[in-house]
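Look at the two complexes coming up: chain A is in both, with chain B in one and chain C in the other.
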Partner chain A sequence: MSTGTTKLDVVVSDVVTVNDLVTRFHFRRRDGGLLPTFSGGAHVVVEMRDGERTRLNPYSLMGSPLDTREYTISVRRDDVGRGGSLFMHNQVRPGLEMVVSYPVNLFSLDLRAKKHLMLAGGIGITPFMAQTAQLAGEGGNFELHYTCRTASLGTYADVLSERYGRRVRLYHDDREERIDLDRLLSSQPLGTHLYVCGPAGMINWVRDRAAALGWPPETVHFEHFAAPQPGLPFEVTLAVSGKTIRVGEQQSLLEAIEAAGVDPPYLCRGGVCGQCETNVISCDGKFIHNDHWLSAEEHRSGRKIMPCVSRFEGRSLVLER
Partner chain B sequence: MAAKTIISRPIYGTLSPQPGKHHLFLADAEGALAITDMAARAPAGFFDGAEIVFIPGPEGKYVAALEALKPAQLHIAPSFASLLPRLKQTLTNAHMGLRLYLAGTEGLIGQAMQVALEAGIDHTSMQTEHRGSLARRMQCVHCKGITENVTTQPATCSHCGLLLLVRDHYSRRLAAFQGVCINAEDRSEIPPIEEAFP
Partner chain C sequence: MGITFRKETFRDDFTFRNSPEHIRRFPFPFHEDSYMYAVNIEPHVVGPKGSVLENLIDVDEHYVAEMQDRAMVLAEDPLRCQSLPHMTLAGWDLLELLMEQQALGYPEHFTLTRDGDRWRWINRPLGIDDTFTFGDTSTLPYGPVEYITRQSQGDFCILDQRDGNLWMDAGMVTTQADWSLDFDIGMNFFEWHAPVPLAHEKGIFVRALKFLTNIQQGKPARRLNWTMTINPRLDTSPENYHKWGPDRATVTPENVGDKVHLRVELQSFWRLPRSNGIVFPIRCYLIKMDELVTQPKWARRLHRVIRDLPEELANYKGLTRYRPTLVEWLSKLDDGSPTSPGFGPD
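Moving on, here comes the complex of A and B:
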């Protein structure tokens, strides 16, 4: 059960190839009405019915929040992932009826900021597409630094440069272009907020440097949806519902709990929002924590797990679920 | 130390050295002791990048103790109003990496915080420590005038003269506690006036 969200019946109105890896999907309401409003940084969870299997993956909305006739997402193809992106790329065509969640924003702009400094890496550009559109519409002060592998894989780099000119700065890995991060962070006016979305390594690097250079934690915002990682199958006992289930290699713990007919709360399915936090009653083995929600101390304690992205290896695990 | 009564009533901490490139301290009177106490816990060279703005108050103490910390700059001011232009200028030209430390009376902390909030620093990002007098800065909710250094309960509004109950209800925007008429039904009724915020 998705907490606080209702589902939206949509139809795929367009599918656009953006580059070798990224495809954009447009959704409209099946009844032709307007979609719910959202703010820059929001995501929706897309339900993918793939035969017997249903995948639920979060994607950032990348359209302008000023236009709610359609929602757009961009999906990067991951050939070694669990198949969600491949399903989107290979199966989803215009006219397909799909279901998406109401938008949820766990990466919103702090509009009290004097300036917004945005750092994107790769497909992490998508929430900034919506945020820059929102800020530009309100005359907001922002600067976007976007790192991509090559110019041809710089998804939307051309669109952004054309729209915002010098407010967008591009860095290409293949040309050895690197952000001078310390200098960038040290030269920002007081009252700037920092937003970073991209690979985990980039987020950690930026957060560490910002903290060391005196950026208060309240001014540093980040989003990284951890895709559930495949791993060894394991067994779990759900104490409240009295069931013992098996989590498959390609399945997340949350998906296995849902497949057993138990309906735990969830929101982002990416280890960010905290909704599916589950108490551990007992365990004999080790946890593979992949979330950004629990503290390092909670990870060590062995008392909590985020079933959307984290796994377990060992003899037995009993959850309060 | 002020007790938490209602949600808007500010609570203060203990100054602690933060990572940062510049450190700006504002203190009045005994607030200087919060800085010298913190200095004992600060890494070597911490005050090389520090500016201290200090209002000694009528007793004029603690200036030497602050000088001994050898901050990059020490500015002595006779009043908050006199340091305000300098503070605003400093914050306008500042970059991220500047950390703010406020110590002393609630009036000083509140007014400095008000300026810093406008400059874009979140109130949770500032270090604060209450030292010295409990005197309050009070806004009369009726005439909107602000009375400084209120020590009694109730207290007379220095603008309209109403007798006001000094509430714990605090406004960060105004940097003041709210004062509400205590005898609106019968102005001749004068409750005992006690020294509540020495």
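Moving on, here comes the complex of A and C:
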């Protein structure tokens, strides 16, 4: 029924350098009104008009859900990525008019939890900024363990420590500080829920250890938006719309489909929400599946693809779009 | 202007009636001459003036009487309104939604003034003028769900979303078609739909759940459901089956027009912003056969739908006992001529 969410017309109200890698962007409504309320863990999709090209990248909202005068996101510069973060860093200035989606939450707090145990790695700290603000406002019980490369790259570590004191523990890679994960996971009170956001390796590590230590799967929550990876160009036939398109090296399949004027539904653009799931009609080649939505069996079957993050290498691919 | 609220009852002497304007705005649920389940969900956007979709939360001439009936149900059975401990935030979300929508649609009847957390709510039809602190339950006479749903037509199921499922963890349910919040509380989407025939086999609930868990803020959706009720009784709950069940044996060819009511539920689905839950308002509209058949197209179509309804559905909807009497009565109003497409009267 819907292609993405309702859009919000915003203006960039501030751009703040946080450290060598991370810059924070503030958005307000162009008409001066309040933005929609959101819940901790929500993201917005930011539309970037870069010449001919439109990029749509999801970023977690990191402000307090109690304050809807502005939305804030933090963007880590990725010099070898597909260019979205470089566009934000190099071209977005205060006063620029932009469009963002309504908030969507795919990393929601479980409000039944007696305690919220949060594990963040690097820029994975951003959803926890909003979740801790929400919980602190309600008197919620949380504890945050945050791993960063160095103290100077510990984005918002100072702010969090000042706000929440001993409820925040920091671990610095350059000082060889490591979370004693097994001990941490073995010493939690009943009713604790675990949340993890960070690099894929960290998420897998935490999920594996939690499973091994007997945490029920429904108490382990993780957010991992895969950024679409660049790859070899390929051709695709869209059977329903009768179009043949070429997916560029730096382009995702979903972006190429959209550029051809076909609009599949989407929410996360990161292989998580399942909205853009597409049936494969025929193919001669191999898939490079990068999503977290389809099962391993579906990946092997070659009958479905998540065009937001996955690619194809081979002679021909026909999709039901 | 404003709405003229009727003085009427949904029990004992059953004085409930629809005015002629309300007959024409009745949400007739059949767009063709037959009925089968479908995932008939569409965006919940504002519809034509003079329809029940003119506002996204509809207030009509039955408002005051329905709220009085709800108060009577709650006095007898307080468990019709429940909220598990983790659902308080969702309750505040619902309070905000209903106050905003009612004040927006009916400014002559409802006013909401917000000064930060300090809110003032004026409900003129019910004579309420309360000032409270948003988020602080101690400043309201009831919890947020009970407070606002004692002032809003329709039932409300408040669903928590987790583990890829929806959980019936709070609600106010007093105008239901034979199901019980007290029985369903804490159940997930598949558990509370378990009794529905045919739809599971068709995979309808799997698809419906996938759709509902992806409902987005600012993009509510809706669908219509229907059944029939003997006498205009809002509270047809399992708890009170002994009061309304026997009514089904009282239908005669002489009283069909007065006793048999089409009962339509306008169900809408909204994402709640703070809690990331979903609220599912189920608004019940009743119309007696005598009123419905004043629209000849509806009379012809209803005859064909009820006559051809699969046996399982007729059983599930509780029509079996009086269906022959009803079909016979409606057949006299069906000359066999074609009906125009769409829901509305001609």
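Following the convention adopted for this analysis, the second predicted complex is superposed on the first by the 317 of 321 C-alpha atoms of A that agree within 3 Å, B and C clash if a C-alpha of one lies under 4 Å from a C-alpha of the other, contacts with A are read in each partner's own complex, and residues count from 1 in each chain.
As a working rule, a contact is a pair of C-beta atoms (placed from the backbone, for glycine too) under 8 Å apart; a residue touches a chain by one contact, two chains touch by 3 or more.
Since the model is a prediction, treat every value here as computed from it, not as a measurement.
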First (chain B), second (chain C), both or neither touched by A:Cys273: second
Which superposed partner A:Phe38 touches (first chain B, second chain C, both, neither): second
Contacts of A:Arg112 with chain B and chain C, given as first, second, both or neither: both
Contacts of A:Pro228 with chain B and chain C, given as first, second, both or neither: neither
First, second, both or neither for A:Leu185, with chain B first and chain C second: first
A:Gly214 touches, of chain B and chain C: first, second, both or neither? first
Touching partner for A:Gly83 - first (chain B), second (chain C), both, neither: neither
Dominant toucher of chain A (residue count), chain B or chain C: C
Overlap of the chain B and chain C footprints on chain A, listed as residue numbers: 112, 218
Chain A partner contacts - residues on chain B that touch it in the complex: 18-22, 91-92, 94-99, 119-122, 124-125
In the complex, chain A residues that touch chain C: 1-2, 5-6, 36-39, 41-42, 65, 102-105, 108-112, 134, 138, 218, 267, 273-275
Contact set on chain A toward chain B in their complex: 112-114, 185-192, 211-216, 218-219
For the chain C and chain A complex, residues of the former touching the latter: 41-43, 85-87, 89, 160-163, 210-211, 214, 216-219, 221, 273-276
